[in-house]
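Each in structure tokens, the structures are laid out below.
Both of the next two complexes hold chain A, though its partner changes from chain B to chain C.
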Partner chain A sequence: MSGERETAPGRAKDQAAEGVEDTRRGFLKGLTAAVVTLAPGVTLMAYPEGAAAARAPSDAVTSKVRWGLLIDVSKCPDGCTDCVTACNEENGLGPVTRPRTDAQWIRKVTVRDPSTGLKRSFPVMCQHCASPPCVDVCPTGASFKRADGIVLVDKHICIGCRYCMMACPYLARSFVHEPLQDQKPYAPRGKGTVESCTMCVHRVDDGRIPACVESCASSGKAMVFGDLNDPDSEISKIVRTYATSQIRADLGLDPGVRYQNL
Partner chain B sequence: MTKTVYRRLRRPQTFFYLLVVLHVVVIGLGLSSAYHMEHNGHVVTGMNNHIVWGMPHVFAVFLIVAASGALNVASISSVFAKLDYKPFARLSGMLAVALLVGGLAVLVLDLGRPDRLIVAMTTYNFKSIFAWNIYLYIGFVAIIAAYLFTMMDRTAVRYNKPIAYLAFVWRLILTTGTGSIFGFLIAREAYDTALLAPLFIAGSFAYGLAFTVLVLITMCRSMNEKLMSDEVTGKFRNLLILFVLVVVYFTVVKHLTNLYATEHHGVEWFLLAGGGIYPAVFWFVQIGIGTVLPLILLTAKWDIEGEARFRLSVASILVLIGGVAQMYVIIIGGQAYPLDIFPGMEVSSSFGDGAVGWYVPSMPEILLGVMGVSIAMLMSGLAFMALRFLPQTDTTPDKTA
Partner chain C sequence: MLGPASAQESARVPIPEPAKGRGEACVADTELMRRDHMNMLTHQRDDTVHDGIRTETFSLKGCIDCHAVDGPDARPVDISSPQHFCRTCHDYAAVKVDCFQCHASKPGEADKTAAAAPHDADVAALSDYLEGQGQ
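Moving on, here comes the complex of A and B:
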């Protein structure tokens, strides 16, 4: 069983939460259409406002696209946490009051070279690997990779075994340790399940950029989001022109998040 | 050799009923703990985003490993044709199933969503060793059930040998699978060794035998009879010495091979010397209490009648304590050592990057873990009352128990 799934981007508002298989989803889609035909004006499924603005729901996610992030460490100001704040607000995570158990989808990491004293501070989140170990070890297939490279957790079939957290080399996943309130409809979460950065899949499918990248654009301008498979995209041009690196590249996981000047 | 007659446990001593009450109470507390954790979330445990598997996993993995080892006695009698062990083969098989059920119960109740057990049973990712283990566990129970049937039913006895071989191979695969849960974690340095699977197999031999011996001795006392001859006691003693030494061998090799590689010096230092509670548990509990003390008890001169069994039972308890300590060091210690996300660098963050994982087990999770042992023991005791699992080879009243 492959961990990669093709999905309809228009529906990806609640992608991370949709537990139905593609076949079931297709069936329900057809059923919905049929019922709407029989009874015009009756809405069976409610979508968040503007859900289908960017792309038609019928357009499947394709592997022609590989979404990626580039973070220029030299432009990331020490002490700036705009990306973290934006992520928390966008996804309804709230402020971190219990660092050991609160979820952190993105965090600022400070790295110091003990031999030279050189210090850098930059964000680390799910690296959206091409070969994600979390997907390999997940017993139910709840951890999965979309065709466009975004790694997600299907909250409906996550049993909360935390094996993916053991397997992730980047400490990128969090377990929801207590009941939650005031969730965002496009980023559903659940007590007892595992979660991580979704690369703001609901925004990406709307044709927008992730919240962290948007917030960074008004501060350090250290983050670039785009299609790594598109030779004309800004991110592709940069990685083609300048030396960039992947965290723990030695593991051969091919992360979709790249770092410059690390 | 005298023909073995099997019987149910009838009219046991008060001691047995006291044990039943104790296990029922522990199971009640364990279930209450599971409800408490499920209702409030894992925030009420000591587990966190660094130590994601805590005491429940320590007990669950320990019991699952011990389960396959508990089958040893049956395997030795059927596969290796050592007839001295045959009277205990049924008990051994039943105990193996009970230990596995106890371990799995803990594992399931520690899930973030235990209510989704049906999802785990119906939705598989076959690339995951966890998914394979579900089949290995179910298969183990089914094969042992068939194995017990061939031992207990005259018409099925001709199938005993092939099923005994299948059960023996299956138990080896099962323990390999359990060890591989850790072996497949590429980024955790403590688990970066192929030796975890054979180490778990060696551990299963020792812990399974220790459980078997203790249950047998408990049954002796419950029935006020001597179920084991002195000769059999001596054989169990020798086997336990051998199995404990095999665990020592694999433990030494695992650490020595890691120490040879410079990249693992950090984690080895952490687990063996500088890691606070983890080296303390390793040296004092796993090695001191769980290895050296039992070996001294088992190898010292045995002369007084009854003392041999007493020493064997104490040694078995110590071996089990050592086994839990071994799992604690492997499972919790392995997670507590910081992930090396930026090799060679000093790292810090609000998420605890670069820091040793913090973990203090809470009472609910300890009770949940111990509940697994009680489930296994209660299930065995009730099975012994319901079916003919216990041998009657020597009717000499047991004055030493």
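Moving on, here comes the complex of A and C:
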């Protein structure tokens, strides 16, 4: 199963060296002997498939694509926080020293079934709902869903009222309480605004995969990112074949993040 | 408006001297940039945030990458330095710039490349848009 995930056919765009960032190059270098056995022209990562990967920078996103994330909980070891670390590093979030107020875009959550004692540990981030309650309640229109299903905050018009934080059933959003310095050029963040997982929108627009998925590929291989609207994408094939679930599916929000073996 | 020609003639008035960019030419004429750079950025920001349009001609990141000014340590200064490209004029005109409360005010570690070459079609289209808006 995991072998299939690693050997998705490479795309012409990915093979162009100029589009490859240093971080990704370093990541590929760091991989083990499995790389050597692959045929030329075959990349290790499952790349976003369908229209958006080929989208030109001047084209607007469309609803033909719905980005989704699948997390196989059985492959997510207790104690592994690689995805959280990668997210913090990618988006310039500081270390969490005050869990009540510091920004957390991904939380590693442990749940236990009291009747059987079964324990599961898995990451929870913005679930990128099809019907996001954060968007419903936002008084300024700052909280919005992009055409391709990614739920974002337009911090230019966010007034920091935090209504969306109260509306989100997944506790996915954080408020920035203090002035920040040295933000990443591609991930602006600032005091007085609400923020949450952006599904690494800057990477997705560039035809790459989110940082958490990339880091997980070198540890647990529990995460798959792709287009839920494309029947040929890997994520679509898995959700079509195996039973997957959404957290609090009873709320009818239709999250784009799905969990397997939960 | 800053009137460079007239100000230079009367040496009594100090005028700001923003550092030259690293690229060959700016994305639009100096006069247009002076008057409309904030509108260009606002227009681009909505396109980028809401529609995922990431053309580089009018992106703030492109401005920052090209107009980075090196400090004494030969590294680009951030907005806290009066030498910062934006600050040279904004201090002079006493116009507060909010962009850098959230946005990076110096190029990122991996962003050492020169800014994108200007696309005349992009500039013409945006210029038309901005002029139409003003009427």
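Methods note: the second predicted complex is superposed on the first by the 207 of 262 C-alpha atoms of A that agree within 3 Å, B and C clash if a C-alpha of one lies under 4 Å from a C-alpha of the other, contacts with A are read in each partner's own complex, and residues count from 1 in each chain.
One rule holds for everything that comes next: contacts are C-beta pairs under 8 Å (C-beta built on N, C-alpha and C of every residue); 3 or more make two chains touch, one makes a residue touch a chain.
Note that the structure is a prediction, hence the values are computed from the model and not measured.
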- request: Go through the superposed model and pick first if A:V137 touches only chain B, second if only chain C, both, or neither.
  value: first
- request: Could you look at A:P114 and tell me whether it touches chain B, chain C, both or neither (first, second, both, neither)?
  value: first
Query: Touching A:D205 in the superposition: chain B (first), chain C (second), both, neither?
result: second
- request: Quick one: classify A:I238 as touching chain B (first), chain C (second), both or neither.
  value: neither
Message: Between chain B and chain C, whom does A:L152 touch in the aligned arrangement: first, second, both, or neither?
response: second
Message: Quick one: is A:A217 in contact with chain B, with chain C, with both, or with neither? Answer first, second, both or neither.
response: neither
Message: Is A:P169 touching anything from chain B or chain C once the two structures are fitted on A? First, second, both or neither.
response: first
- prompt: Looking at the overlay, what does A:E178 touch: chain B (first), chain C (second), both, or neither?
  reply: first
- prompt: Given the touch rule stated above, what does A:A60 touch, chain B (first), chain C (second), both, or neither?
  reply: second
- line: The chain contacting more residues of chain A, comparing chain B with chain C, is B
- line: chain A positions within both the chain B interface and the chain C interface are 179, 190-191, 193
Message: Residue numbers of chain C touching chain A in their complex, please.
response: 45, 47, 49-56, 61, 64, 78, 101-104, 107-108, 110-111
Task: Provide the residue numbers of chain B that touch chain A in the complex, in ascending order.
output: 38, 40-43, 47-50, 52-53, 111-114, 116-117, 119-120, 123-131, 134, 181, 184-188, 335, 339, 341-353, 358
Task: Would you mind writing out the residues of chain A in touch with chain C in their complex?
output: 21-23, 55, 57-61, 144, 146-148, 152, 154-156, 179-186, 188-191, 193, 201-202, 205-206
- line: Listed in rising order, the residues of chain A that touch chain B in the complex are 1, 3, 96, 98-101, 103-104, 107-114, 124, 133, 135-141, 157-163, 165-171, 173-179, 190-194, 247-248, 251
